[in-house]
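Labels run A, B, C and D following the written order; every chain starts at residue 1.
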Amino acid sequence: MHPFSVLTLAIFVAGYITARWDLVTRLYELAVFAWDHGVVARTAKGFAILSLFFFLFIIPVERLASRETDLALSVENALKVGTLFRNSSHPIARIYELCGQPSMHVLGLSNSAHVDVEVLQIHAATGQQLRMPQISCARASTIQITMYERPIPNRMQYISLNPISLALGDKAEMATHAPGSVEAEEEKEERKKQEKTRALVEKLKLHTVAQHPPSHKERALPKIVNQVNCSWELQQILQKNISLVGRRSRRSLSVSERVVESATSMRDFLIMAIWHLITLYIYPVIRRGFIITLLCHRVAAEAFLIVLEWRAKPEYAALKDVSATAQQVEIRLQQFCYWPMQYITLRKRKDDWESITTSHPDYIRFYNSLWLVANDVIIGIALGSYIIDNSTWVAESIGKILSLYSVAALQRTISWLMRWPAGLKLNTELAAFLGDLFLWVIDHWSGLVEALQPYLPHLIWFIGFSSFAGASMPIALFSDLVSILTIHIYSFYMASARIFNWQYTILLSLFQLFRGKKHNVLRKRIDSCDYDLDQLLLGTILFTLLFFLLPTVIVFYLTFACSRMAIISLKAVLDTLLACLNHFPLFALMLRIKDSQRLPGGIRFELKDTQQYSSTNPSSPTPPPTSYIYLKSVPLTFRAMFHQYFQLGHRIRKHYLSPHVLLCLATGKFVPPIHRKNLYSLQYSMLPAQRAGIMEMWNALTTNTSTTKEKKPVYENRGFSGRRFNGHLSGRR
Amino acid sequence: MLTTAPHLRTRRPSPTTVEYTVSTSPTLTLPLRLLLITTIIFRVLIGWSVLLILYSKYLLSNLAAATSTHNVQPETIVSIDYLYYILHLLHTSKPGQFATTLAALTPPTLLIPLSLVLLHILLQRPHTTETLLVLRGLGIQTSSSSASYLSSATTRFIPTEKVQDILVNEAFRGFEVRYYLVVVVEGEDDVVVVFPRLLPRRKVVESVWRGVRGCLWEEGRVGGLSAKGG
Amino acid sequence: MVPSQAPSISTTTKPKYPPAPTLTRSTTLPTHAPQAAPNRTLLAPEDAIYQGSPPRKQSPAVKKLHHDLRMTNGSNGLEGNAPVLQRGRGKSRNRSGSRKRKVKWSKLLWLKQSYPDNYTDQATFLEKLQRNPRLQPYDFWPLVADSTVIVQHVCSVVIFTVCFIGIVQDRISPVAVVGCGSIATVIGWLLWDWWIGQDDLPKPLPHRILPAAPYDSKVSAASSTSNLGQHGPKPSSLVARHSHSASASSIYSATSQMTSQSPRLIPSFPPGTSAALSQRTSLRLSTIKSAVLIYFVLLGLSPILKSLTKSTTDDSIWAMSFVLFAINIFFFDYKTPEISAGIKNIPASLSTNAALMASTVLASRLPSTGQVFSLTLFSIEVFGLFPVFRRYAKQRTWRGHLTLTCLLIVGASGGVGLCLGHGGDGEGILDFPWKAGLTGVVIGSISTCLAMGGCSWWLIGLQKYKNEIHGPWDAARPIIRRQWDDY
Amino acid sequence: MPYNIAMVSDFFFPQPGGVESHIYQLSSKLIDRGHKVIIITHAYEDRTGIRYLTNGLKVYHVPFFVMYRASTFPTVFSFFPIFRNIAIREEIQIVHGHGSMSPFCHEAILHGRTMGLRTVFTDHSLFGFADAGSILTNKLLKFTMSDVDHVICVSHTCKENTVLRASLDPLMVSVIPNAVVAENFRPLYHPSYPSDFSTTSLPQHLGPHDTITIVVISRLFYNKGTDLLVAALPRILANNANVRFIIAGSGPKAIDLEQMLERNVLHDRVELLGPVRHEEVRDVMVRGHIYLHPSLTEAFGTVIVEAASCGLYVVCTQVGGIPEVLPGHMTVFAKPEEDDLVAATGRAIAELRANKVRTGDFHDQVKKMYSWTDVAKRTERVYDGISGALSEADFYGYEAADAASWSATRGRAGVQSFALIDRLKRYYGCGIWAGKLFCLCAVIDYIIFLLLELWAPRDAIDIARNWPKKVKQENLTADDSSFRR
């Protein structure tokens, strides 16, 4: 046993008798101080040991020279007492929790091959001539060494098992569709498919012959990842404090010295007092004011939002579902409501170790949305100034385009359809009738547009002005404008679709009559039925009639359906543009390019060739089989970054290219435009599903102040069972 | 000659770490290396010529009418002008003129897709290599080399606690029935196929299966081949 | 049979095998394939029967074999009941050395017999096979008589087309056409009504009785027609009527009376519920009602019809109407309505509808509304009402049927002649207005008679190739009395 | 000797039916007898790929285009490569096709002969000669059958029919009936199964006024006699009181049935169950006393055997192979006529009411009559015969002395004639035009075979592992022999 621990024990007993605790410690330190010298060497050793401790072996920076047996012990004691964690910025217990360990331990020595202490397990040897550390463990039969570059938490680098998620994860699956609508059907289909696959997966479970209960080593992988993340910071602390291993603290000063000191520090004290005054009285007032203004804005935003989301009945469409502008405004407001909360969470991050990686995605999201808004405003200002400068030109060009495409072109098409287009055998009378009808409506509409013409510049000016709130605003306004100015096409489409659908159904039933059958509505089946002769005759004549009139109606219907589709696609393009402006992962992309470690997409191992290192260690006669593995962090893939966009594209495709929609087109049923919620889910993915209420915000802000005042660290996940965890030497005992 | 039938290479530095590599690349002998080098050079040459043809096509088209010609050598080496100058030299050189005539002959609708297809072909890797790395206590990592030189290998790491089971399965593939190795991952809908691109023969699959089970969970539980339907 | 037993049999029976028969070889030996081919290709079942025969040739040997079998293994399966079962089981228990075997092979599956599975019993193999069981040779005149139905229909179609052409070429005034048509229709309807009255007077409730004499003639007629017109699912009814007793057929005819007397002009209510008189009055009323309805609806629709296919070119219209008329002719059910109990309305309505559509299409080519209206009305009369009348008339008076046929033939051929040839333009020596018509009549009637005779001869000639095989395997035709599930 | 057998058919589970259960039972029994059996069928909507059923019965669900009622589109050659792959990797010796309506089976037999495998064909169905469809099918059957080693029919009527249709030598057609798993079709109250229904008050003795339940379980198609049923049912109900009907099954004719029930209101006395799964059939059957089977054509009629095994008194139409199936004291036969059916049902009801029939004994008797192990034994004998393990004489019962005269038959039976020329000769005899066409098909098939040998050589196909058999049987037999000795 170490003589000094005996001595310590004795002195401790004595000190206990005399109840002079400080004396005990002081004597102990004195003793240790008397014993050891050469602090620098010990620093390096300490560093080496501690980096050994973290279950993976860091390539030490420098070689150690002297070998002393009790060094490990002293460091161990230092660890126990906590000397090595002096004046650490945050409590060390937090890191213990994170790593699931009750305390730190010394695993072994490095570059001290000839020492053998029974408490130690590992000897590491590094050096220039061997590019990889040689590990020898007396009790290990096989050794598996994993080496890694420590992620630097100051740069917010970290590794994680599963890829970082840029979207906010608290979205429930959008099951809020009107029952019976197309989306609801699709949802049902998808759910059924998922059920089927789940059943299959359950069946797959039956195939496993023997279940393997995971050993604690296997279950500890996430903690290991946390330890990797913590390693850099801890190493910093330890390296800072390694000098304290056993150094005696300053003895207390004498009174005279105190006086001198106070006299010298009088000036500093004054400055300190003033500064203190400022921080204590002025700064809080300012921040209070700021908070109050913030809250006022929040209230206003709340009112706006309520107006935007008001719907007469739950299944009716709200204002934001109808118009893109409202949607845009709502998104902005929601972002505005969300920022303070985000900011507070980020502030909380400051109160903790840098290695806590839970809030990095929030950080990225927050700055991403800020950046986007900034970009949006910048582009918007440019656009808006341009528009305002030559609003008249824009206005008349828009008016020209409008009158050209939505009136003149339509008129020409209809009049073309009225006289046998492309050799189609249309029924002249019916074509003439329909054509006249539509032309009449178009004339009225064009008159309306003409009346609207003079106001167009003001409108454009307004749009341009609005674009100072961001380029997305005029785009939204423009898409609304488009949908307003093409109402007549929409109504034409509806009317022709109705006519076509009606004729189609009649033809179907008459065809059943033609075949001598009938459709039994009650039982949803085709019964054979014999009609009376007059029914047959009239039915047949009507069938012939409608059959010959069908092409005419189809041609008109197709025309308007195509124009309708064109408009829908135009609006879809605009919406996608909005989505880009609102959600482009700008910040993430920049990070990816700047330093891909900040966007971890998983981890990757690389097995290193070990032939040349097998026989480099002559001292150990038969080195156990050793495998060297590099642990690397896989950066997030671009596909994962743009995952939302793929989702959006998939959704649009599924909606508009589904057989259901084609069937609707074929049978003249009304093709519903894609629901805005689906289209904009992309943009909401950055926002919480349920925005924080005003009171919540208030509380958050106030508590925020309190937390910032007295540095009360906030701990999450306290659930770690402190199990002794000795390294990652996969030793076979 | 560049590729062989997929064969298995095993690296097992320690009993707790195995890496199985199935690849079509033969063992590199000297003539083979030379052959590879020559093919690479060949590819590079063809690629450059295709790019040259495209560039001359661009020069021929009216897009390049505005750009001024940089036929005077700028004094500084590191500058855009120097780059333009080199391009100009290339364009005026003999192969450049040949490319110009060629580009002038072929219509762009034919030339552009053709050259794109050619570049795509040139970028294909000759070999495919797929590995399975087993680390006891950590997990399994599958990786398969990408088809083209542009993208790197895709890896997938599965922690041991997520690995529910490892099976050898049979399935129809084209006109034949193949054996393949799958990893059943907990909480995922579809299994992970090991060696997805070149499905090796049954012998290889079975040996890998045995090895993985032996390495991942303790030896001695290597039972008979469990080929199960998914 | 258990394979373990087979060797023992063979050992006992090997020395006494006769030389194998030759005919099986003829079917099986590949070298003989060429001369085996023709009779196999032409008459496969006979071939099969011959195959059945060779074992019959070598039957003594096989009998001997069976004798030995009985020597080595026995239980008689003549009475197939529980005791046999016990014995059979006993046999199955001590297979190796049982002695009493007087088992005759019986065509039973539930009985374990001591024969190999591929044993073919000469006595019973294919004994139920029967070839052309109910082939009754057609004789000439009934065939001709039946072909009249088709001739009638074709002629009516031809007449309609002729009328259309006449209207188009302004040879005939549409009013005359429709007038004649309507008059004829009214006369026909009166006649038909009178007939129904006659039917109703004798019997208060309209089914369950039947004049026997016309029945036979109808049977032969129907059979031959349905053999002649091979389209549609006729054979079932044919075979059914042939293979079964008169009770069923009487039922058929009774139902046929019912169905035939309510041709689909009338909302067919259950017969016998109301008195015959009120029935007839309501029938007339409904007929008149529907007539008036059709009349006015046509009147309303004809302007639209006129402009319907204005933009369509002529040739497409001609092709279309031709196809539709072809459909009409082919899908028309020529059966006398006894048989058309079950699935009658689908082909009937299809053919009628096709004809009506064709006539509508044709009518839409006409320039004036009056013409359109009259042509459509005429088409309804020709294709809607006339077939009903024809069918009924055929049942009633055979003589009237013949006269009607002749009239139709004359009319059609004359009309065709008038359309094709040009008469009365005063050139040539003997030139009188109806010359083309007359020539048409002559040529047409002659050719029709030739066609009828020729087709009948041809059919009779074809009959010797008839080779249908029947046995227990083919699906039995259910005999179902149609009271319950008739519409 | 154990064989490797491939059962090929379009009809297999999950689709219900007689052929399916036949294949399944036969295969499992053959596996019990030590053979290796795989089943090749086409993919169903939710199962593709390779599956294992109980005791290692391996099923290949080949992805194929399904045309109509689960029978694939007949493409003559497209099935060859994958079939060859499977046959090689499973080391198949005998190809056993089922069902003459399944193109899969025909193609498999053709390709199997081309690859030099033994082929057996089992016919489950009867066909007429009248209508065009059956003529076509017969030609196809002739094509396949003219080069098959042996044919198995499920009843003698079926044998006659097949011999006629494919113009076969009757001696190469064996009759091996279907069977039932008697344990799955046990009556409600039976001494040998005391486990179920402890509270058994034997209701065998029916009073004159007890309700008699008539069960009908059949797919409602035309050839199952649904029209007959629809016509006869109201009259049966009208003639005798205290009679209920339970009708299970679905099909196109179900509409007619419903219409009939609606027309004369019978919903209180007729219970429509709709489609029932095969394992539920017994539970439906034991609810009744009489089983009514109005089918119009039936090769074997497994369902009436099941009904009899459930202790039901069977009323069936006298068509096809039905008369051979059950002894007279279990059945009442009727002509396929409405009147006769009504009369027969009336007779059956009367006999039941008079307690003339002892339905309690039916189960044991049926169990004695039909068992799958017996079927497997007989099928195994067929395999022995065609693979030459059993000599000509034993198998065909002919003199081996003049083998010359029978070489033809043997050639027909295909014991040593895989030579292309012999096959071509056989095909040539199929008809003037058809013969040449078939020869062409055979030649093309052979050429494809050669190409495949080049394209996918045999050594590139790895042999599949067999299901690990439990060796208990062998040990037991060894022990027995030692004991005997």
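Basically, a residue touches a chain if its C-beta (ideal position, glycine included) is under 8 Å from a C-beta of that chain, and two chains touch if they have at least 3 such contacts.
Only a predicted model underlies this, so the values are computations on that prediction, with no experimental measurement involved.
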(message) Taking the mean of each chain's Cα atoms, which chain ends up nearest the overall Cα mean?
(response) D
(request) By the contact definition above, name the pair with the higher C-beta contact count: C-D or B-D. (result) C-D
(request) Please report how many Å separate the Cα centroid of chain A from that of chain D, as a whole number. (result) 60
(request) Would you kindly tell me how far, in whole Å, the mean C-alpha position of chain D lies from that of chain C? (result) 35
(message) I'd like the Å distance between the centres of chain B and chain D, where a centre is the mean of that chain's Cα atoms.
(response) 53
(request) Quick one: report the Å distance separating chain B from chain C, using the average Cα coordinate of each chain. (result) 70
(message) Using the touch definition from the top, which residues of chain B touch two or more other chains?
(response) 228, 230
(message) Where in chain A do residues touch two or more of the other chains?
(response) none
(request) Within their complex, state which residues of chain D touch chain B. (result) 48-52, 60, 62-63, 81-82, 85-86, 89, 456, 461-465, 468
(request) Mind listing the chain C positions that touch chain A in their complex? (result) 263-267, 290, 293-294, 297-298, 301, 304-305, 307-313, 343-346, 348-350, 352-353, 356-357, 360-361, 364, 376, 380, 384-385, 388, 487
(request) Using the touch definition up top, name the residues of chain C that touch chain D in the complex. (result) 1-3, 6-7, 9-10, 13-14, 17-20, 24-25, 27-31, 33-34, 36-38, 40-41, 44-45, 47-48, 51-52, 55, 65, 80-82, 85, 89, 107-112, 116-120, 125-126, 128-129, 235, 244, 468-481, 484-485
(request) Would you tell me which residues of chain A are touching chain B in their complex? (result) 142-144, 161, 197-198, 200-201, 204-205, 207-210, 212, 214-215, 217-219, 221, 602-605, 607, 609-610, 624-629, 634, 730
(request) Flag every residue of chain A that touches chain C in the complex, lowest number first. (result) 420, 425-429, 513-517, 528-534, 536-541, 543-545, 548-549
